[in-house]
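Next up: the structures, one after another.
What follows is a pair of complexes built around subunit A, which joins subunit B in one and subunit C in the other.
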Partner chain A sequence: MQSANVNRLTPYLFLAPAALIMAVALLYPIGYMIYASFLDWNPSQRIGEADFVGLRNYVNLLSDAAFLESFWVTIKFAAIVVSVEMFIGVGLALLLDRNIRGMSLLRTLFILPMMIAPIVVGLMWRYMYHPTVGIFNRTLKSLGFETVPWLSDGSWAFASVVIADVWQWTPFIFILSLAALQSLPQSAMEASRIDGATGWQQIIHIKLPLMMPVLIVTLLLRLIDAFKVLEVILVLTNGGPGLSTEILSLRISRTASEFRELGEAAAMSNFLLILLMLLTFGMFFYNKAVEVRAARLRAAAEED
Partner chain B sequence: MSDKTYDKQNPAFYALLVALVVMAVGPIAMMLMTSFKLNVDIMSDTSSLIFMPTLRNYETALCDFLWYEAAHVDYCDKTFGRALVNSLIISLVSTVLTLVIGCMAAYALVRFRFMGRDTVSLSTLAMRMVPPAVLLVPVFGIWTFQFQIDGTRAGIILVYVAMNLPFVIWILQSFIVQVPIQLEEAARMDGAGPFQVFFLVVLPLIKPGLAAAAIFTFRVAWNEFLLANALADRNSRTVPVTIVNSMTEFDIDWGVIMATGMLLAIPPIIFTFVASRQIITGMTAGAVKG
Partner chain C sequence: MPKITFDQVAKSYGSVEVLPPFDLALDDGEFTVLVGPSGCGKSTTLRMLAGLETLSGGEIFFDEKPISKLEPKDRDLAMVFQDYALYPHMTIAKNMSFALRLARAPKSEIEEKVRRVAEMLNIAPLLDRKPAELSGGQRQRVAMGRALVRDAGTFLFDEPLSNLDAKLRGKMRAELAEMRDTIDKNMVYVTHDQVEAMTLGDRIVVMSDGLIQQQGTPEELFKSPVNKFVAGFIGSPSMNFIDGELVDDDGKTWVHGDGFKLPLDLDISARMNDVQTRAVTVGLRPSSLTTDISRGAPIELKVVVSEYLGAQSVLVTRCGGADVLVETQSTSPVRAGSVQTFGVLTNEIMIFDKASGLRL
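And then the complex of A and B:
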């Protein structure tokens, strides 16, 4: 009798610490943030002392040119970075999916950029972009070209930030697509080879469609992370020059710490969260829809 | 399988491989090199490959751990040494806590199936979606005014554990599912209680999963900047926070800052070389297996 009781309680005992910590330090703060976005609140006040201002923070944001600019920069950054990384990463995976010596060492070296602290990645790139001692400008100069204002000109700074992110995260897509390629059914490859498909035809008609589910998940994960990038840009440009590289995360942290507008920062966080949520659910339902369609096609094929 | 025979490739292919490796590792190598240079060498116009390597930058950064008196350090700035100790404590404690708590939760979710796996996957994804920047305002407010644990290591550890739990539970789940239930039933027949089954039967079998989860958790805690910056005071600052603080000053001491950056990068680099297989497993577990 007693042991039955213990058995019934066990799952809850096992789950309780995790549930407690996530409730206290994850769900509660998010709820708190949603509440705070309706307040006029600065860091020296307790939350109870802050005035309730309804939707004012949100309305302010929509007419705040700096916020809209950084919103646009975020979208642009995520779109460019993810498409470039997907293109190079998947391309390299298709190219390097061969039985060669040293592949595992290559993969190990490729993981390094992702494992190192984003702060350090920013540091390395800031050194390389340095106007006089950085390797890029040194090389350009010794070859007799004009030096480039990597971090001090708006559009160059944006490009520099994109390059650093591509360096850091292309390996992620490469490794996931390589894993997907290597788990493809060999029978499909062989069948197509017997039917006389060329390398390109194989890639376009067989490999890519079969990899698609993994590619979509990869894209989703990378896109979510692209919206979270902060440290590299903070170290490289701190959002400048002007607002040219000020992505939303950076704007939030500056609004909170420099402008001391916690309510407004919370409203911005909400915007970012809603954006990411739409993205996640959009992808999730797209995935489900594809699955349902595939199941229906399969059922139809079996009926024939 | 033809594991031991390799296909012959044309030379252009190997040239591409070399180029890729140089691109991936080059910036890291450059940081390592710069950390051994004097500022005179960094700023000089001559070729950057020929210089006298020196440990001075590391001596400056780590001055309070030296057992000898470094001649060139006239004033020992203890900021970095203290931050290194903080970083180590915070990352290690939060990794251990996350693993223990996450492991128990994952086990309960798999074995006692009172919630669908889909629910868990979706909520893990939802949690992964939350950027640290979004947690910044509420965590700062709550930690300062309600829990009053701002400026302590415990406060930072609490956020890191909460941030890492969803991912760790998710990863460990996929490993626990593969443990044959017969093993556990046999142990129970022999009179083991639920806790004994968990600690003596299940845990040893999911070691690879634990390794992957440990590396990922440690990495997040070791590398994180934003929340640590908001929560830490002078005595609980972590290494990333001190690095950013010394960056914003007008005159950057490149040699020393590269040495500190290198020290921050060393643990993740070691993990990568020791356990790249586990890292790749952890990275692909979610996406490829679905």
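And then the complex of A and C:
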């Protein structure tokens, strides 16, 4: 009896150190941030000296035009980059899913951008976008075209950060799609060839539907990441010109360091956190639903 | 329903030659079975016919038309895969109608055809389910149904029954045999199971190690195999082989070995006079041995085990160093451990060259 109890507790005992570290490293800062979002707090004060203002920071946010603008920029940015990346990534995977010589080298090359630190990516693209010595404008000029104000015009700047992000993160979708493609049941593919499907029909009727579970998870992962993007944009435009590329994380960092409104910044962070939690829960429930469905199907099959 | 001709077709993977060049002609409307042990190249042959594998040499003709450059969809064939290869995300109805939908057949016609085939195969109540919701046997039927819905000229089957349990396999085999008689199409059927081959085939092609050993009707293969491989592969329980020597004695030809001396019938011994070799292998089918010694030449065998199968029993016996199986009626029980005299039906003895394995 005694030993049975101990045995049952053993796993929790082993988990305890990890759980403790998680609690301190994860929950403490989040709790701190939530608490801070109810304070009127500037960096020269210790947290105990700040005034408690209840929900004022949140109410302010909703009427803060700059915040709403940067929220809209973030949504627009995430929606555009993720759509473009999904389209190109999945497309490339469909194209390169074949066994030709040199293909594995090509695949390795394709995933290189993902492995470069975002700050470096930012710097690299900043040089390439440089108005006079950057490769793009030099090339345009030597071909006799007008140069483009890559980072100095609002719309062009937004397009420029989108291009840089697409360049860096398309490979992520590409490898996951490729892995999904290569794990598809080979004989179903052969059956569809015999049933008369052309390459396109195979993609539309067999490959894409079978890849869908992986694609949905990939999409959610990318969306979560796109909402948190910071470094590349920080280096490229620092949010400008105007507010044209000021995504939420930049706004948060500026609110804290430039405007010295720690409470307000914490409230924005919470706002972003809630958004990301919704996406994460969406992914979680999607996975759960898939599992439940699979279990139900198995049960049904065993009945017969 | 074209006549299918393989002309010097060969297949290599890299430097490994899986199928050396071979010829094969399949008649229009015939049920052909490719049979042979696992790994002998049956699936490869079928997949080249289907267009799923390229040819390394030679050409396949449908009637007079070379087809090796055609896509699978342009070859007018339907195929049933060993693992069924159903589309996991489509319902059974959608699975079965996929080809027709791609061909833009009218909706009413599609529904009508799917319903008819589903009823024939007893899967009509399953049409709205997904493949994962079916049992193995039901999936097998769906795979069959998906092929039958199409009006293809040639049907290909790659070991369609091998994933079923023994009972279900027997049942499906019988249904296939019935279908063979009602559907007048080319059918090419691959299996490693000689019972399936014998029950289904109009014509059987026996393969081993990438080589076609022999082709013919089930009866031809059973009664006059060309070599030891075919003789041992066809028939169940399989043929017994005992090494021996040809000797002339008393004006007759005998085959003599460790623990036996059997006289050869006149027609066989006449053939033996034409060959040089004296070292031979004797082939005896388990059914060529009988407990009724008045019906054949006597042979003494030590009974090791008696396997009771119901109406029949299979005796595992020993003759010198060789194991010999004997098929008997269970009504005349034989005690294990005893030494008994059996009768050999001498007209069913087969003699093989010991070195080459060819039948003499």
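Worth a mention:
Everything that follows uses one rule, which is that the second predicted complex is superposed on the first by the 267 of 304 C-alpha atoms of A that agree within 3 Å, B and C clash if a C-alpha of one lies under 4 Å from a C-alpha of the other, contacts with A are read in each partner's own complex, and residues count from 1 in each chain.
To be clear about the criterion, contacts are C-beta pairs under 8 Å (C-beta built on N, C-alpha and C of every residue); 3 or more make two chains touch, one makes a residue touch a chain.
In this text the structure is predicted, and so the values were computed from the model without any measurement.
When the two structures are aligned on the shared chain, A:L210 is found in touch with subunit C, with no touch to subunit B. Once the two complexes are overlaid on the shared chain, A:D153 sits clear of subunit B and of subunit C alike. When the two structures are aligned on the shared chain, A:L230 is found in touch with subunit B, with no touch to subunit C. More subunit A residues lie in contact with B than with the other chain of the pair subunit B and subunit C.
Applying the stated contact rule after C-alpha superposition, one finds that A:D195 touches subunit C and leaves subunit B untouched.
Shared-chain residue A:D97: touches no atom of subunit B or subunit C.
Touch criterion met: A:P185 reaches subunit C, while subunit B stays clear of it.
For subunit A in complex with subunit B, the touching residues are 6-7, 10-12, 14-15, 17-19, 21-22, 24-26, 28-30, 32-33, 36, 41, 43, 46-47, 92, 95-96, 98-102, 104, 106-113, 115-121, 123-128, 132-133, 135, 138, 167, 171-172, 175-176, 179-180, 183, 213-214, 217-218, 221, 224, 227-228, 230-231, 234-235, 238, 248-250, 252-253, 256-257, 262, 265-266, 269, 272-273, 276-277, 280, 284. For subunit C in complex with subunit A, the touching residues are 50-52, 71-73, 77-79, 81, 83-89, 98-99, 102-103, 129-130, 132-135, 138, 146, 150. Listed in rising order, the residues of subunit B touching subunit A in the complex are 2, 5-7, 9, 16-17, 20-21, 23-25, 27-28, 30-31, 34, 42-43, 48, 101-102, 104-105, 107-109, 111-112, 114, 122, 125-142, 145, 158-159, 161-163, 165-166, 169, 193-194, 198, 219, 222-223, 225-226, 230, 240, 243-244, 247-248, 254, 257-258, 261, 264-265, 268-269, 271-273, 276-277, 279-280, 283-284, 286-288, 290. Against subunit C, in their complex, subunit A makes its touches with residues 185, 187-188, 190-198, 201, 205-206, 209-210, 294, 297-298, 300-302, 304.
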